[in-house]
Every structure is written in C-alpha cells, then in structure tokens.
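Data block below; observations after.
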Amino acid sequence: MQTELETAMLNVELGDELTYNVKPLLHEIRHALAKLLNDEGPTVIDLRSLPLAPGEEEKLLNTLGHGEVHASLNALGPTEVVETGYPGVWVVLHYNTDREVIGKFIEVCDIPDLLRSQQDDIREGLEQLQSGLA
Amino acid sequence: MSKDETLGEALRRQGVTRRGFLKFCAATASMMALPPSMVPVIAAALESARRPSVIWLSFQECTGCTESLTRSHSPTVEGLIFDSISLDYHHTLQAASGSAAEAARETAMEENHGKYILVVDGSIPTDNPGYSTIAGISNRDMLEEAAKGAAAIVSVGTCAAFGGIPAAKPNPTGAVSVSDLVHDKPIINVPGCPPIPVVITGVLAHYLTFGTIPELDDLKRPKAYYGKSIHDRCYRRPFYDKGLFAETFDDEGARKGWCLYKLGCKGPTTYNACATVKWNEGTSFPIESGHPCLGCSEPGFWDGGSFYSAISTPTEDIPKAAVYAVGAGAAAGVALGAMNRAKKQKSVDAHEKVTIDDLDKEK
Amino acid sequence: MTETEFLLWVRGPALQIATIVFVLGIVARILQMVMLGRKANLAEARGSALAGGLRTMVTRSVPDKGTFQRSTFTIVSGYIFHIGLFVTIFLFAPHILLVDEVFGLSWPALPTPVVDATAVVTIITLLAVLIHRLKDPVMRFLSGFSDYLVWLVTFLPLLTGYIAFHRIGLSPTMLIALHILSVELLMVLFPFTKLMHTFSLFIARYYNGAIAGYKGVHS
Amino acid sequence: MSGPSLEKGLAAFREQIDAPVAAFFNSCMHCGMCADACLFYTETKDPTRTPIYKLEPLRKVWQQEYTFWGRSMKALGMSKPVTDEELGQWEELVYDSCTLCGRCSMVCPVGNDIAYMIRKMREGMAAAGHAPDGLIGATKRAVTIGSPMGVKLPALQAQIRHIEEDTGLEIPLDREGVDYMCLLSSMEIMNFPEYTAALAKIFHQAGVTWTISSEAFEATNSGIQIGVSEIAAELVQRIVDAAEKLKVKAVISPECGHAYMAIRWEGPNLVGKPFDFKVVHILEVLDELREQGRLKITGKEMQRLTYHDPCQIARRGGVLEQPRRLLDMIADDFVEMPEAGVMNWCCGAGGGVSSNERADDLRLKVFNRKKEQLDAVQAEGLVSACANCRIHLEEGLEEYHMDLPVLSLTETIAEHLAEDKS
C-alpha cells in the first residue's frame, strides 16, 4: 500500500508538469477532510469544472485509491459511488441511460446524500405499500 | 403535460424519484457551470419552475447546431430539460409540416405573447429576401415578427450570434446576426460552430431555473461558459509558457503534446468552455486531439486568415514589402542626400570671405 | 468594422504600410545623413580613425566612473529600460515566432514568466524615466513635444503588450490588435523622430571615435 | 565688404553641417548628461548652459534644411526660422560658456562630439556678427600686428636679449636648416620668458638645433577661437611659409593648448594641404629626448606635485602619456587629480574665453570645479603645459585664496637639467 501510494505520488509529480491542478486538488481534499472532522460541513468538488490534461484525472483517482464501499444506484441511469482509500472522500460518477458520463464529483462527507433514501421517496413508497396492503 | 404543471410535478409524474431528481440537479449545476453548493437552490427552483414555450427558428444554417444538440438528446439530462420545455416550433424536429407547422408557430406566439423564448440558429440574409424563406416568409420578416413577443432571444451558433460562415467575404447574401436586427429584446449569444451542446441546454436550464438570463459578456455570451479563454484553461498552456511548440502536425512536439500556437491555434483569442466541458460527453476537445483551436466562437473567425498561421503573424507579404522599401528608401535617400549636397555646395559657392572688417556688427 | 476585421487590417495592410514607412524611412534618413559627407583630414594621423571609431561604438556604452556618479539615475534607468526593451521585444516566444514566420529566423526564447517580470520592471522604469524628465531641471528644460512623443510611442507597445498578455479590460482580439497597432505607430514615427538614434547613435559614436582616434585619443 | 549678416551666418551653418553633425543631432535624446560633464553647468546650475542646448540654432538649421521632415515643414511654412535675435541670445552660450574643452564629447552616451559642433557653430556666429568684442579685438590684432596681445617683433627681440644675457646661451633667430622651428604664445613672450630660456637650456644640453622665425613666432590662432576659417588659415599660412622658408624638419607648438590644436590638427585642413614638415608639441619633443637619453636630470621636486591636462593638448590633442613620463623623472611625490587625463576638467578659460572680458566673472566662478579637483589631492605644486591655463589657474587660485604655485612642465625640467655636459 505504502509503495503503491509512493508510485502514485510520483505520477502526480509528472502530471503537475501539465496543468499543475492535481496537487492543488489533493490539497483541497486534505483541507475538506480537516473541515469535515471539525464539523464544518461537507465539500463537493465538480471535476468537470477544472482543466485536466489527459491522464491527470486517472492519476488523481489512482492516488485516492479504493476504499471499503462501492455502491451503485439506478436513478435516471446508473450512478457509481465509491469510497476512496481515504475514508470520507467519495467519488461520485453519474451516467445517463446510455452510460455516458454526465457528472463527476468528489464529495468529502460521511456519506453522499444520494445514497440516503429520500423523504419524498420514502413517503411515496409508504403510500404504495399501504395501498398494496389495503 | 399541462402548461400549469411545475417541472417538479412533471418529473414526478414521469416516475422520476427524488434521488433521480437530485442527480438531475447535480448534473444541471455542473452543466450550468455553477458550484455544487448551488444544487439545493437549483432543486428548489426547478421543482416549482413552469415549463416555458420555446420557438426555434432556423435561417441560413447547416443544421449543425441542431445536430449538436440532438447528438445528446436521448434520455439524458439535456433531454429532460427539453422534455420540460414546450418546444412549440422547430421545423427540423417537429412532426408537423407545411401550413400546420406555421399555424402551430402562430398559435404559440399568440398564446405565450411576451413569455416565450425565441431560439434562432442561422444568420439572416438582408440582401435579397428571397435567398432564404420559410413558407414564403422571408427570414427577416419572420425573425422580426417572432421577436416582438419574445421574452428573450437565444442566438444559437456563430451564424445567429455573429453572422457566421454565410457572412464570410464577400457575404453574397448580406448575412447578418440576430443582434444586428433586433435591438429591443434581451439576446443571449451561444456562439460556436457548433456550440457545445450542454452550453445550449445550460442556458435554457438557467432560464428555467432562475427565470432570468445569465450574466453576459460584452458579446452577449454567458460568462459562465465564455468567461475564460481556451488558452487560459488549456492543459497545454505550460508548454506555451516554456516556449515548447509543435512545429508541424507530425513532429516530436506534436507527439509530445506541446503547444499548438505555431500551428495557428486561436486559443488565446477564443473564449469558450471547450477546455473544461469538452466534447462528446466530456471525452476531449480539439486541442486534446492535436488540432489547433479555430476560434469558432469568436466573431469574424471565418475571415481571420489561415486556420494554420499564428494569430499575431502578418497576413501580407512583409519581407517583400521590406525589400521594396529598402530599394525605395535607398532611392529616396540618395535623392534627398543629393539635394542636401546641392544646398550645401550652394552655400559653399556663395561663401564670401570673412575678413577682420566683417566681424563687427553695425551697432 | 468588427474586432476580427480590425485585427486583420492591423496584421495586414497596416503592418505592410508601417513596414514600408519604417524601412524606407530608416534607409533614406541614414543615406541623407551620411551623404552630407565630411572633409578628409589632411593633418598627419597619430592613430587610426577606423579603429577609434569602431572602438567607441562599443566602449561608449560604458560610462566612466565620474560620469556614472554624476548621472547615476539616467545611466541605471537607461540601462534597465533598454535591456528590458531588448528582452521583451526579442526574447519573448510569440515575438520570435513572428520573426520566424516572416523571415525564417529563430532563436531560443526566455521563459514567459521571466519576460513578464521584465516587462513590469521596464514599464516601471519608463514611468520613472518620464517623472525624471519632468522633474530634472536640465531634462525638463531641454525636452519638447518630440521627446514626450518618443517616450509615449516607446511606452505604448510595452503597456499594450503587457495588457494583452494578461487580457485586461478588452477582448484578446482587440488587445492584440491594439498592441500591434501601437508597434506600427512606433514604426511609422520611427524615421521622423529621434527614435532614429537606435541606428544613428552608432554612426555618431563612430564619428566621435574616429575624430578622436585619428588624433590618437580613445574617446 | 558687406559686413556681417544673418544670411551669411546661416549660410555658414549650412556650409558647416556635415555627416557627423547630422548624425549627432539625430541621436541626441535630451538625456542631459552633457550638462553634468560641463563645468559651466555644474558650477552655475543654469540649464541654458547645457552643452547640447548651446547648439540649438545650428540644430534648427540642420533640421529645417537637411531633413525630410524639416524641409517639408519649412515648405508648408510651419517652422520658425532662426533669427538674428536668437543668434544674439546664443552668443553668450557659444563663446562665454564654452571653452571647447570637449569633456561633454567624452560623456555623451550616443557619442555626440559637441565641441566639434560648437567649433563649427562659431563660424556662423562670427559671420553673423555675433562674436564677442574681446575676441574680435584679439583677432584683429593677430591679423594686423601678428599677435592677439599686440606683441611685435621688437618686443620679442628685447626678450631674447634678456634671456641670452641671463643664460649665456644663444637664441637663434631665423636660422635655416635647423631641426626645429619653435613657436611661442604671446603670453610666453610677455609673461613667461622663462619658457624660452628653458628651451635654450634643454636644446643646448640635448644638442638639438632650433630657431625662432621673426616672421611667424606667434603660435596662437584667434581665427580658430572666434570661428573664422579664412582668418585662421591666414595665420597658419604665415607659419607654413616661415617653416618652408627656414627648411626646418618640424615646428614645435609651445605650452599652449589651442595653439597645438590650431597648427597640429586644424592647420593642414585650414590651408588645404598636408604640411611638408612635422608639427609636434614641446612635450612630445621632450619625451622623445628623454627616451633617447638626451635629457640628463639631477635632483627631484620634493613637494607633492599634480598635473593639469590642458584640454586641447590631452583630450583633444592626444598628448597624455608624455607629461606623466617626464614628471616621473623630476617629481618625487606625484599625485593624479581625480578624473585626470582624458576626463580632466577644464580650467575654464580656454577656447577664447580668456580673450573675452565679458566672461571674466564667469570663468572665475566656474574655476570652482578645478578647485574641488585640486582640493581632493592636497597638492603643493600644480604643473601644467599651457600658458593660458597657467595664467587662469594663477588667477583662480588667488580668487579662491589657495596658496599653490603653478609651474610650467618645460621650465621645471629645465631647472633640473644636470649642469655637467659631456
């Protein structure tokens, strides 16, 4: 794990030669994690709002690595929610029904909101269950 | 889907869950280039938004803009947006044709007077109105009539925004942009040849969400997408700063992905979101695939000289001019020099000897 | 005229006109100057006029100690802005590219941030030079319209270049067009103003050195 | 004749402007550095005394007559021609406030030889009737009497008799076929006969043959100072005629700055042909004798000596090393003033300023520059090689209450000649 991370960091160094955006992103994630621990709330980073060179995104994701949770949900197309090797740092990938990416986010939080069952949906489910039992 | 139904209701009716709606809002925020923290605001606004009527007019165009939009039109978020608007007239997309289609347009204009959004692609010929007509109505007349009742006009594509290819020299049809003809309505230009699809939908989403037009630059382009140049956000910018350029399309620099400035990249003078939003569902953008930016979202790009020469290089033959100037300068210099010599010689010839008696001035 | 058309005009016909005026004017003026001629020196030479002239062309760039102490600001600021102009004009990648494109000559550029910093220093120095000209009793007394005009047309390309590089205020198309236009203004005025000193100073130094060198003095 | 006129003056300007002048005017960026190089500015802080500004009328004529832009403006009636009043205003700047020392010419970063241009400008100023009365008087005396101070041959002959009596050596007059014909400045005849005595002693010891011409003994040339080439040429011609008549190998210019400039550098150009004889400065002759071992010296000056470079001999004349080598033989404690040599400061009285009574106060005021230079080395004796400098140095030192003897280098060497001659 240690060596893998080191290799990944090396790659980040290489990537820095292009947009210089990978390292600042990692720092932003570090700050967001610290904020989260201090109860200052979650952070969401839109990966599509930053210029990244080919391969830089992969380097970033490789650096973050994989953690214990890998969830997928299906709402207007699939969405993948992956906890990275750093607990509290999640990668959220939205796809449309053609499996084209429509959103890429890094969320720093206990659990991404989207994984929770939503009040409206619960209410609707309850209604359905009740009407089914009636 | 009734016109009074809110977007939230419509989606819910279509079986979209709250979770799906939140995902839709997150994608919409990303599309509108808004920070993720805006998602709850967007969600609240969209839930209660009412679907506006949209009339789409196509003039002198190649349908590339519509193509660009429909490329991403299958059940996607953009598709959802389009499902949430009432596209009352689009002669390429609508099923109706002929007088029925025109009747639909007129009905929509009447029913939604002052509220509908007018989307235009293509430029308008001002020379001979017969160059482009729809159902016997000249483009200009149709635009002016449709503009009267519009809440806002979205000029999609460089032709509608700035005149585009039809306006290229010598501009045989006298093609002009929408803003050349309409001055009393808010106009949002979404230039690009074609524009990035999410930019078109992003602008509509913005209107849908906030009921206002987004912040615009001096060319009436939404700042959220056109606020930074390609060059500023280009991942190859570090090579420019280091002076590393590809000289040809197949040299070492090209293979190493160096800056394409020397190959005519117009990135420094082009304002668009290609470098971040990218094309083809975020796959890449022209520079990423090794081709210089053409500057297609800038006015006049079609007449800007070669696509493959740098933006600051001369368009005329300067060495030739310089060589002629050296010749002419030598001739002029010799002529002027000869005149000077003649003048000087005249003074020498006219010189009267100064003696000691010539020193005192009569006082 | 749209911005793109303006840029095209500036890159095309305007640049052509400016080049013609610039080159024609310089060649004509140098010839006009040199053709006035000078009498051959009949006195027995003690040294070489040619060697003295060539020598002074170079050595006059370095002031003697006393002069340096008396005119420190003029000399230091003069050095800074002349070197700054050289660096920003000739060692900036897009400028080299332009020369390469037009004449097929190219040389290594300095890193862009270095040129950028040089431009800032040069702009500040030129402003200081202007203030000095306005404040120093001798310079203010000597200076006339043409001196301030020459300052302005030297300053403008630097300023517009800096603004264009950092894209401040206007569209990049307009900024580049204005930058090129300011250079064309400089080129057009060049042969008619003391900007000619860029070339004539070497002729002047040659004559000075030759006059002294003939007499066996290093000037 | 028709007398002086503006037209003649402007015509002379047109005649004088040549390629160097055009290149110089073209290159001036008004940096003001020449002001700091000029003692007339540094000691008065008067911006009108900036060297390049002294040339303004000449510059205007150049621009209006010899440049495309100026010609065009003139043709359109958009330029102001140079007026007689203007030249009148400039008289004080061109004659009183410039000694032609050429220090500005060494400093100008674009390489303008400003002194070269002042010399030319004076041609037009004189032709336009704007030369100072003092210089006009001196010039008239030089032409009519043969000396700007009015020294006639009998006065010289009387001095020669005194010297011969004092030294017991012969002062040869009008001797043909000798090596050298010596020129003297009027000041040397009137104020410093020791110079002629020194020549006699040195040449006697070294075995050099020499003479003085009764027809052309005067070395100075007022025509150059006032700026009338014809008159200057006439004065040079007298020397040329005498030298050719006496068939000498060389003519020796005395301890006088502008005389050296006049005969050595301007002379052939004024008369329009190269000389058949050499022209050398007395310091060059002495240094040559030194090198050949023909100068036998005994004893040294023990007080601290310094040397004032006369502008026309050093900076404008090229005689720089010779005085130092000669001083090395006779001075035990020699110090150089700051900026000595080619960058030396003028005493303030050269270039005709000393003949121009109107400039008397000014030249004493600007002597302060020399005073400061001297103060820096605390010398006990000031050596020079120009009678004009010497007179003014003495006056200036007195004015500034400085107790410092001024010595002639030639005379000082003569004092140290070894008596014994084999």
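Details
Order of writing sets the chain letters: A, B, C and D. Residues in each chain are counted from 1.
Please note the rule applied: a residue touches a chain if its C-beta (ideal position, glycine included) is under 8 Å from a C-beta of that chain, and two chains touch if they have at least 3 such contacts.
Note that the structure is predicted; figures quoted are calculated from it, not measured.
Centrality annotation: C (chain centre taken as mean Cα position, compared with the mean over all protein Cα atoms).
Spacing of chain A relative to chain D, judged by their CA centroids, is 91 angstrom.
Rounded to whole angstrom, the centroid-to-centroid distance between chain A and chain C, based on C-alpha atoms, equals 57 Å.
Chain B and chain C have centres, each the mean of its CA atoms, that are 39 Å apart. The distance from the centre of chain C to the centre of chain D, with each centre set as the mean of the Cα atoms, comes to 38 Å.
Residues of chain B found to touch two or more other chains are 336, 340, 344. For chain D, residues touching at least two other chains, in rising order: 17, 66, 68. Among all residues of chain C, those that touch two or more other chains are 28-29, 32, 34-37. Chain-to-chain contact here is organised irregularly, matching neither a line nor a ring nor a star, and falling short of all pairs touching. Taken pair by pair, the chains that touch are A-B, B-C, B-D, C-D. For chain A in complex with chain B, the touching residues are 17-20, 44-46, 48-54, 56, 73, 75-77, 79, 94, 96-98, 100-105, 113-114, 117-121, 124. Residues of chain C that touch chain B in their complex: 2-5, 7-8, 11-13, 15-16, 19-32, 34-37, 93-94, 97-98, 101-103, 108-113, 167, 171-173, 176, 180. In the complex of the two chains, the chain D residues touching chain C come out as 17-24, 26-33, 35-37, 41-42, 45, 47-48, 50, 52-53, 66-69, 105-113, 116, 264-269, 272-275, 278-279, 315-318, 320, 338-339, 342-343.
On chain B, the positions that touch chain D within their shared complex are 336, 340, 343-344, 346-348, 350-362.
Per the touch definition, chain D reaches chain B in the complex via residues 1-4, 8, 11-12, 14-15, 17, 65-66, 68, 126-127, 129-131, 136, 139-140, 143-144, 226, 228, 230-231.
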